[in-house]
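So, here come the structures, one by one.
Across the two complexes that follow, subunit A remains constant while its partner is subunit B and subsequently subunit C.
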Partner chain A sequence: MSRWRYFFKRLLLSVPVLFLVMTFIFVLLRMGPVDPVAARLGPEASGAEAARMRERLGLNDPLWEQYLDFITDLLTLDLGKSWVIYGDMEVTRIISFAGPPTLWLGFWAILLPLFIGIPLGFYAGLRPNSGGDYIASVGGILWQAMPNFWLSIILLAALRKTKGGGWFGFDWYTLGPDIRSITGTPELAFATASGIDWGTLASDIKLILPPALVLGSASMAAELRIGRTAILETINSNYVETAKAKGLTNRVIIWKHVFRNALIPLVPVITNEAFLLIGGSVIVEYLFNINGLGKIFFQATVQGDLPLAGALLFIFTVVIILLNILQDFLYTIIDPRVGYER
Partner chain B sequence: MSVRASFEPNETTDESRSLRERVADNPGPARFWLLGTAVLVALEFGRYMGWAQQLVGAVKYVIGLVGLIPTWIGDSVGEATVPIVSYFVSDAITLVLLFGIAVLVTRFTSWSAVDQFDLGLSDRLVRFLERAVLTVVLATIAVLFAFTPVGGLVNGAIDGVFNTLSSIPTLTSREVISNQGHRTPGGGWDGTFLGLSPAVAWGIRTLLVYGYALTMIVWTWKGYTIFREHYRKADWTPRDDTLRRFRTHYWGLFGLIVVLMFIVTALWAPAISPTTADQNIASPYEYEIEYLNDDGDVVTTTPGQANLNSQSNGQNTIGPMSYDDYDRWSPLGTTSSGQNLLTHIAYGAQTSLVIGLLAIGLGGLIAVTMSMLTAYYKGIVDILTVITSDTIISIPAFLLVMMLSVIFNQGNHPIAEPLNGGLLLGLIFAFVYWPGMWRTIRGPSLQVAEEEWVDAARSYGQTPVNTMRKHMAPYIAGYIMIYGSLLLGGIIISTAALSFLGLGIEGSTPEWGRLINDGRSFVGTSSWHVATIPGLMIVLVVTAFNALGDGLRDAIDPEADTGGTDDTGTAAAGGGG
Partner chain C sequence: MSVATSTDPILDVRNLQTAFFTEKETIRAVDGISFDIRRGETVGIVGESGSGKSVTARSIMGLVDSPGRTLRGSSVQFNHLETVREYASKFPDRTVDLETVAADYDPVALFDRETVDLTPAAFGCENAADVPLADIVAAGYGDELGLVDEDDCVFVTDGSPDTPTEIDDGFVEITRLSGEPRRRMRGGRIAMVFQDPLTSLNPVYTVGNQIKESVRLHQGLRGEAATQEAIDLLEAVGIPDARRRVNEYPHQFSGGMRQRAVIAMALACEPELLICDEPTTALDVTIQAQILDLLADLQAERDLSMMFITHDMGVIAEISDRVNVMYAGEIVETADVNELFTDPRHPYTRGLLESIPGQQSGDRLQTIEGNVPTPNEPATSCRFAPRCPKAFDECDTVHPVPVSVDEGADDHTAACLLCPEHRSTDDAIDQHRRRNARRTGGDTE
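And now, the complex of A and B:
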């Protein structure tokens, strides 16, 4: 089977997946054990008001009609309205103001591990079985096993301790740009009409660094481990032997022949990070008080704002499906070995 | 003449006598080992009976739940059509369920009417008739239990027997080595084991628990070596190599030791915690404790009252390895509501373990079944499974778990009740994670389906189910163990994260994540231990499960580690691939 046929098959498969996801959300919201009217009006709601609400929400229509309406609405990106936490606000509007902080967080949560995890992994791989290797490897394993929420509260406590000196000899509050609180939503107003406002940018970055470090922790550890293995594998391969035999300097061997090849297995790891980020953003945004999509999803589920939660879940899923297609596309271009039959 | 009958003589040749016969020929080593096992079991007999009682309770719950299915389906059908239909539907579904049980029973018992009587009918028909008869018998028993006092009587008898048996004191029971007592005005201790201080008494009991568990494990290993030396047919099996590889894999061994300690902590939670969860957490106002007050008098109070004055909340701290004002020993300090932290940790280990095992067991079962079916039949089954698993995988797992748990808990669904939502959480994890497991074992199962022995079994007339069970599934089991071990760590983290957010496990069931939430505001204060210790426990246990998974992978499938280096040295540091 040719590569492109494989790709189009994957593309075609994502259509039923999308419909199944929508059906699943519909079943959860309309046929699950939570009554939409009770969720909206409180459990004691009854009588005329409840009946009116029932009619207004279209719950008296036959199920298949509700289902069709639901699917059409989702497909036309008419995501409905929030019930509880943003009374009657359009979900699309909520996304327009909560999306940017989440994207900002995600951007840094991918960038930080890249610039910490991969160099550390390569460092460990180039010095196998040395003290530095052991420290980096064990550190990576522990780092991966740490739950994000625990890491967050420990990090927050440590940063709060630095106020006015403290343990580490620096004060996070006054280090670099001043911020009033170490948690909060970045304003993201640095790109003004008159160019970039560097002060705002700096404080936005400072605000996002701790949560991004936590959110990226798992990927950082994964990149470290895989980077280390990749280096070990390439360094023992025949073409590196050949390069050595040719008399190339170590510097050229490492930069030209080892690094570039070791980066290949890291590509899927990096694209896979999106999955971790979307799940992890709930806890990190909640703990660092960032008003992004994750925190709003958390509030929506806890307070029974099911249409908002369902719509956000749908959006996240669509993002993941699109990323999957992108990944398959990249594979198709990069790796000629891929095939449908394993 | 069936295929099975024609090969029967082969099974009784000298080469393949049953284990029982081989033991009968040389009973010495087996007798020695069984004697030791009997002594070990007798030491903790009451506790084992307690576990059996809980197991019976769980089975009863499942039976009750399955019993609800017919009426539930019947009612929904009745709602859509005429109410009278609901009775027929529910009766029909009951019969179908019972017939399914009959099929399972006949499949797993060796007795069969086909072999015993020659009725002149086809084997298939006899088998069907046999199952139908069994269904009727089962239905009669079910009716007897549900509508006559017999059910209540049998239930009471079972409960009574187990209650008596499980109250037998054991080596590690709290009554034998008690650490709950109080100071006397003279300076000694009253009510504790041999008058020792509670700390020492608790230490002795904890050491006994781990020592006993260690002995049990060593004895089991001894049993395996005895079996291997004296009773196994083959001199060598591939499993020997797997074990040999695992024994030199220090990173994996570290994981195994910590995982075993975690399991022992969960199983012996009542013995390891200085006080029971019921007394300290669930109903602290229904018990009484004595203590020596500042005036030198021994007075009585309730644990609830004592908890209020032993909180670790920043201002007031009962740290690790200390006593509170009520002469109660707290090896890990107290929580922000004054409860014993170690009690929370030990019982919380139980919660995590039950959820994890339920999720892995059920999810693994689904994954293995689906992988067998898709690898054997391919085609449309495969495509449908790919679509279903892709759907579940593309919904972000943690968000899906959150939403499902909230929806079922808010809807007050009956399934959210056991373990305060623990059962529900286990089922949700199984649903969310089976596609991942299926994907991991898809490759190996496709491979094994292409093997010649599978083809041979097929052409030889084996039924598909038997082919999958005997010739394909054993090959997959190792892979599911590896992935299950790696996944268990993830499930422990997710459970803790959910209860940290106040979702999932609710109420009085102890959970590690809730402890971290409790101590969240005090990390920077003198009560640092409340959030730090459970967090470190999670890190340790999750690391251990990851290490065990790495060790299992290197032991079961050494080819999978493409690192190209000797796996023992590097794996000890970096965990292999």
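And now, the complex of A and C:
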């Protein structure tokens, strides 16, 4: 089937992209403004010590050899050691404890908009120019207009005010599972050998909801608006009229003929928003004090921890490439016209 | 009352009015047209863009969406006996025996009531006593007169709704349909083929899937049987290698093939009436000829009635038995196809025929100057007058109504002040004025 051949073609195309990115990282690390030796030993380091370090890091080898080593290391997931932030700790270990909170945050930041934004957009699209539509659309624009850093602070301030009752009539600290602080890193220890610990899961979810809401805010609004437009466009199309003329019920028309077509323009929106999450998580993790990849990446770049920053950049690239593949996969499933050439 | 015969119209459109209400204006896209379609017959509807052809088709299908709606006083009666029987047994709550209603029906008293702004003239009758009950009810006045319930839509005129199989005459009033009865009518009894085959199939489902959808819905076939039926239908509309084609997507079909698939889909529900809304406009000429042949064959095979909308006089000449010429929401001329082409009476029809390439007298192609006006108000003059080469003073003050063009020519009517031609123009104008006064008498809403 040509659809699947198209998909595999896209899959193969991601290989050169991966190499290009790895080369780019290498160039950035080895030829950039930061001197690795100085970054490790401090700017005052000099003489024999610096020369030893230079030798140990392999900086005296020919460049092509360094490049090959670098690529092989990345591909075998030997990501090296942190220089500055976690002195000499393996990057893979850092990822093993910082990765899960970021994934947890990202998961909810994608899930929330998906299950709030798209249904709201579809609702608005099915009732164009009604009161509900106006509320949803205006709310969407407002929501999208609020920058993440501002929204984070306001949300934190508002939630802190709820301690012991407060303005809104509920206490976020004691609502549902108790939490000591509204910020912090979720422990993610709910999946134990004896099954799922529901109490821990609940407090982990509660801890992640505010930052996820902030992080997903822009995508939620975008999905709402694109969803609304997509529904409107589909519902006025000729094949929907044909379906009506066939005598189908409204339920079948909407669920079978409208929704699937309306999803097509939403696929790139959803996956593109997922890209943004990676950048956005840097700010949100910082403000909500979550010890995740975003926060560590920020620290690593600021403090010149090049192997750590490079390794994280590589991970982010791999994630984006995977998301791209997922996007192509979704397209291939939803739209039979994909890969069709006349 | 008589048993329905094959010469009785299967679809009887009376005073159909569909208007679109926007903030800026009201557009009376279809403004009081009447015509009928007999069993096995093809009725053509022809006119320029914007003359209300497609809105007529959509009104019959019940596809007119807000801000448009079919106005009260419109009536579209579906006179197919089997359908009436089926509807009477399926929807007994919505079926009315007009004979029982007639027992306490007193037209004179009804028209005297102050609550209803209605005159016998609205139904084309001089005296209140002459107005048939069925017409009042069908036109939607029965509800407020307390004759029928709001959602009644099946009217039995001969026989009893209690024994549906023995009903001898009746009709389903299409403008009053809603919900399930409406859906059964759409596709099941009246199917429609749309203008643009490239966009009227859903791109994400296979052609077979979309045909099977209809088959399942209206014939109750499932699984393998439904697939087989879909393959048979594709073969019937002349698609080679149907067994493979049934699993292909619309984008793998050419334009002509897609229109064939759309026709197959329309036939899937075994309709009595097929409405074709410019089915060949988007196709090139050779494919157009093939599709017209196909439609003619299918019609002969299945005893279909057909309503064929087009702006192409050549297509009309080829396919239709009778023709209605529409202009600005009104039917300006109705005639047998041969008579229309040899002896057109309305100046608009003449203009249309003269503008066919090859028919002109000089080098230049004849055209009708100007555009179709948008009908915003109830007509008080001839809407064609500003473009009419034969217009005279009265054309701006008297609204012409369809009248027989000549003595004894009952099947040929034209809405022109010059008709009927056997009378003097002054007499003719008088006749139009009188008929018009009656018509608008009840049109005050």
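One rule holds for everything that comes next: the second predicted complex is superposed on the first by the 298 of 342 C-alpha atoms of A that agree within 3 Å, B and C clash if a C-alpha of one lies under 4 Å from a C-alpha of the other, contacts with A are read in each partner's own complex, and residues count from 1 in each chain.
Assume contacts are C-beta pairs under 8 Å (C-beta built on N, C-alpha and C of every residue); 3 or more make two chains touch, one makes a residue touch a chain.
Note that this is a predicted model, so its numbers are computed, not measured.
> Of subunit B and subunit C, which one touches more residues of subunit A?
B
> So in the superposed three-chain picture, is A:K161 touching just subunit B, just subunit C, both, or none of them (first/second/both/neither)?
first
> Could you look at A:E233 and tell me whether it touches subunit B, subunit C, both or neither (first, second, both, neither)?
first
> Looking at the overlay, does A:T317 come into contact with subunit B only (first), subunit C only (second), both, or neither?
first
> Between subunit B (first) and subunit C (second), which does A:T242 come into contact with in this model arrangement: first, second, both, or neither?
A:T242 contacts subunit C only, not subunit B.
> Per the contact definition in the header, classify A:P16: touching subunit B only (first), subunit C only (second), both, or neither.
The first partner, subunit B, only.
> Considering only the touch criterion stated at the top, classify A:H257 as touching first (subunit B), second (subunit C), both, or neither.
Once the two structures are laid over each other on A, A:H257 reaches subunit C alone.
> Touching A:S2 in the superposition: subunit B (first), subunit C (second), both, neither?
neither
> Just to be sure I follow: which residues of subunit A are touched by subunit B in one complex and then by subunit C in the other one?
Dual-contact residues (subunit A): none.
> Spell out the residues on subunit C that touch subunit A in their complex, using ranges where they run on.
Interface residues on subunit C, with respect to subunit A: 61, 63, 183-188, 191-192, 194, 196, 199-206, 213-214, 217-218, 249, 251-252, 262, 265, 269.
> Provide the residue numbers of subunit A that touch subunit C in the complex, in ascending order.
Residue list for subunit A touching subunit C: 237-239, 241-249, 252, 256-257, 260-261, 264, 334-337, 340.
> Using the touch definition up top, name the residues of subunit A that touch subunit B in the complex.
Those residues of subunit A that touch subunit B are 13-14, 16-17, 20-21, 24, 28, 32-35, 39, 124, 128-129, 133-134, 137-138, 140-142, 144-150, 153-154, 156-158, 160-161, 225, 228-229, 232-233, 236, 275, 278-280, 282-283, 286, 297-298, 301-302, 304, 306, 309-310, 313, 316-317, 320-321, 324, 342.
> Can you name the residues of subunit B that touch subunit A in the complex?
Residues in contact with subunit A: 386-388, 390-391, 394-400, 402-404, 406-408, 410-413, 443, 446, 489, 493, 496-497, 500-503, 513, 516, 520, 523-524, 531-532, 535, 538-540, 542-543, 546-547, 562-565, 569-570, 573-575, 577.
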